[in-house]
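One chain, chain A, links the two complexes that follow: it is found with chain B in the first and with chain C in the second.
Take a look at the complex of A and B:
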């Protein structure tokens, strides 16, 4: 519907109508999507951590910006499975944490080259997703979710003790030394000149490239036959089988692809922290990614990234607020406000899901439709006025 | 040529025999209707052929090869397509995408690895989808979200999805169930046109006798799981066993 509104005839040339129309046409294109993502990724850490006023208000910091992108990759991949294919996995910690450990173990024993770490972590996650998907997708609905949860918990307990000689057990994998990128660039170092002002560290730039790549790949998948088949399976699995599609293999592919995204993210997480906590395999990580995805808007490409942003923001920034005061006064509303961040997150989640089931992205979409609506109304009014004016002369 | 053949087909649910030793053949280019009172086992028979149900014993052959043991999507890939009794569509997808899903399966097979190929490049799939929507009269509504269609159009889309699979044999399970008289008429017109244009072989399960007698070459009458009569519409009209099965009620 919005397309019709935003497709004004040439007559509207005077007003903002065509600009909007042109934008609406460009909006869906792959190049536009990837390009805008790249620009946003480039300015995000500056606005978040360094820009005057804005960053002061947001209280963001560089390493959190990196972490948001890493979890963003995870969420984009998870949403391919949950939002588009309609499969709720409760075991994605296995791929996230599994890849994190694989990357860390490779760094300690083989090579600390960041590319090698990402490739090996991702490969491990893909293979693991293949096996776990093969076993879990035998059952549908709630049984599938429980199976994924059970398998992921098995990995948690294995990492905790039987495999402690590899994983360092309860203490997590310490002493991971991340090498320099291409042998020359130290990832902790700042990017020189203007790049440094925008991006901050090389690590952020490194993660950012993967993030933009993840967006490009996910966007392409959604516009490939797979995207259509995934949604068909979500809508009516039985019918998809009865038009002659091998639903089982497509579901397995959805699972493996999303495991691959989790693998990239998990490997980057190890590079980011130079440490793998045992908790990265725990079921709460699987729960977090579900909450983030649904909060941002399952079934949309960028919604889950917004969900990640809000979640991590509350977890890392809001949780440090000592006392909630009324701005510009000294009146304290709540003491130890940050202490209640879990509660706050719960309330935000419930309200969003209750009021706008399609999440934060749904809110943005509604605002956009409203703007298009107002825009076309304003255009009409302007045109009417100019016609009246012409008649008066 | 014999397209579909069932041999001593039996399906039992617990103690109940839903399909009782059915030997059915469908020749190429034939229009066969299956009728029978409620509970006669019509839907069970269709579900056995589409592999939604496993037979207790007996064999089903399509183009001379047994399809017992195949997955439902493999049966569709062989050329047997089914339109459902209820509008079984993809509600949140557009009408065009609904047809494209089926066309994709027909043109590109049950599974592929083309997850990085842009779907704009699948011209064959777009072509089949467009032709199908044209022949079921939904082309001008191609960009509508399927769930927003009126009920009659949803059922037409349902038939369209089945046609976009490019079947050699189309099984239609009560295509006019729940339709208004006008919708029924336009669906019958649609079936007639499909029959003419595509030269399709189909098996129709239907309650509406008027439709059955007007578009069938041959009618098979089921009662309590077994075939009690078989013949041209004229032969069936005068058959006593059939009248008996429908219990003295309807003059056929």
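Take a look at the complex of A and C:
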């Protein structure tokens, strides 16, 4: 879509006068995306957990808002691989969980500084992605998916038993002490004054900064020639190869980048919970991220984040609804409604994939197109009427 | 097309920004108002209570909420269902009187707790530590739960009690048998009524020595994760030291194994006299059933250190004559046990399981401690529970030890009944209730040696 604009053509370059204006606009665009993301991130927890009427209806709470952003980072990174490069990895739990454990173990043994935790977790995930990518990308398609799944499961079993002295096995990594940010700010504490109203805790602010950063980085990658190569590989690997691109190298890079995003998210997950569950390495975690990404819309920048939001919302909030009632009345439709949350999620997923294969983001796009369509039709009619009226006079 | 979309997109986005901005401003206005109210309420609360705010204390309004976090899906769902029944019964008795509230707990009035009506929310742990934590944090942050209880697996209990320690909300463990819960992973905000793997070993060893004799050789299979590992280590220690048996081998089986035939046939050909199956839940039902099908019980004695109801139900007649321990059983003959069984039957028309008794007891123990403390302020409630001595939940005289928050109590040793004598809720024959004087360990020994409880505040 936008790479056209991202690479001003030679013709534009010739029109030197407008070039500067164009560049300004362009710069504005990336700024706009990041800026709007920042604003949404800032108001989200307020609307979700504290706003008078809205949050009462949504039933949200602070820690879920934080968790949605963390998984959002994971999903954006995963989408770089699935949606843009066309590689379905079934082993991203290894990077998410691996980073979570790395961050937790560093916090226990070296330093509980949140920055140190994120850096070490991410570094671990990147190195791991390098190795696993190097091995798995030898094969394509289904073989690649199965290889990644197999490697990730190896890590699960390693963490469950042989490495239990490090990971605390089935009980999960307990006793992680997250230190204060820059030695002054306790992440658990509330942000003072207006910031506290909007953001809630420092932890959310900390995660929010990483989220906005992740959006900026992903946006930059996708709108660069590098990102274009990813898409070229997705569309036709052979052609990309014939053009002279080193497809394997780009695929490995996409894998490593997405592993890096998973690493940031996994480390933040440890900071968020001060605990690492063994399940964070289990294959269901890899499955979750695939479902979230596809649900939201693979191949779009923000779609996967919507998918994450809906998935976690159903998992954590809809699942606690005791009885489904018709709003504003006491009439009970379904008892123990929350019990069926898996089923509900399954139905939502099937319907979305069936009706709108480009996910929730696709629905939003269609709605927007519809609105635009109606708008332009209405404008045309208005114009036609005024012309007719003019003729009459 | 791309260009068209882009420009429209930008305009839409600007519009959206405007809308969000307005909403944000309106929200801010609402918030500052709310903030004012909040501090006013806080001031009022401070007047009738001398304690600072901590976790979900002080409670707003006149309703105190308990969070019951039990497995409602997954392998322990039927156990979780029974726990939830007991929790709901406890809440009912706390508010309206009845059961132990009238007869066994003098501290409780049957008219709420400290004048607060008790309400509850429940959640599904799915026997998954991660989901259990999410569920618990929803209860704490959204529903303002003042106490969390539940768990049907040690990993879940350990994960949730860590969260509760951070959030400064009390956790009353339900079924968790691992040494680690009150050992190396113990926390200040959690209390465990259930005994642990260590005590199971201590209780079981003398009974099986008397039943099968000394100088036997035993072979162990254990589920390869922390509970299985601590369980097999405890069994090895006590079967060797107390029963005077000798271990031939101890073999790990992967968690979630469905076919144990290779492991079992190796055990059978090892020449050992006793086979110990350290498996729990469905794994336990599978391995036990397969051992019986393979005819192992004809050449060897089988031991199942920890029984639970879904396991007994699934294994059916296979448990005949097999020794193990249980949390509690409705056949235990004393007043509190009978009263609880009766109250549960009256309400649900079924026999309560061991975990149900734990759930009921731990809820009332918490409420009684709040009454004694005269406040919901968690550190005061914790101090009331620490080193508290009681004899009102049907397991004899007990102490909730202050150094590791592990109840020092008797352990029932049972033997499975043949299929013909089993009925709904009755699967075991109580062989012996091992006195707490023969069990346990000092505060600086066994699992307690590794326990550091953490801070009160």
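Assume the second predicted complex is superposed on the first by the 352 of 393 C-alpha atoms of A that agree within 3 Å, B and C clash if a C-alpha of one lies under 4 Å from a C-alpha of the other, contacts with A are read in each partner's own complex, and residues count from 1 in each chain.
The definition used in the following text is that contacts are C-beta pairs under 8 Å (C-beta built on N, C-alpha and C of every residue); 3 or more make two chains touch, one makes a residue touch a chain.
Being a predicted model, the structure only gives us computed values, none of them experimental.
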Scan A:239 for contacts with chain B and chain C and give back first, second, both or neither.
first
Mind working out whether A:84 is in touch with chain B, chain C, both or neither, as first, second, both or neither?
neither
Going by the touch definition up top, name the partner, chain B or chain C, that contacts more of chain A.
C
For A:64 in the superposed arrangement: first (chain B), second (chain C), both or neither?
second
Going by the contact rule set out at the top, does A:337 touch chain B (first), chain C (second), both, or neither?
neither
Using the touch definition from the top, say if A:95 reaches chain B (first), chain C (second), both or neither.
neither
Go through the superposed model and pick first if A:174 touches only chain B, second if only chain C, both, or neither.
second
Shared chain A surface residues [contacts with chain B and with chain C]
none
Which residues, counting only chain B, touch chain A once they are in their complex?
50, 71-73, 76-77, 81-82, 84, 88-93, 97, 100-102, 104-106, 108, 110-112, 114-120, 122, 125, 161, 164-165
Would you mind writing out the residues of chain A in touch with chain C in their complex?
1-2, 4-5, 29, 32, 36, 39-40, 42-43, 46-47, 49-52, 59-64, 67, 157, 160-161, 164, 168-172, 174-175, 188, 194, 197-198, 273-275, 277-280, 315-317, 319-320, 322, 338-339, 342, 368, 372
Please give the residue numbers of chain A that touch chain B in the complex, ascending.
30, 217, 220-221, 223-229, 231-232, 235-236, 238-247, 249-250, 253, 257
Which residues of chain C touch chain A once you look at their complex with the stated criterion?
2-3, 5-6, 8-10, 12-13, 16-17, 20-21, 23-24, 27-28, 30-32, 34-35, 72-73, 121-124, 128-131, 133-135, 137-138, 141-142, 154-155, 158-159, 162-163, 166, 178, 180, 185, 224-227, 229, 252, 254-255
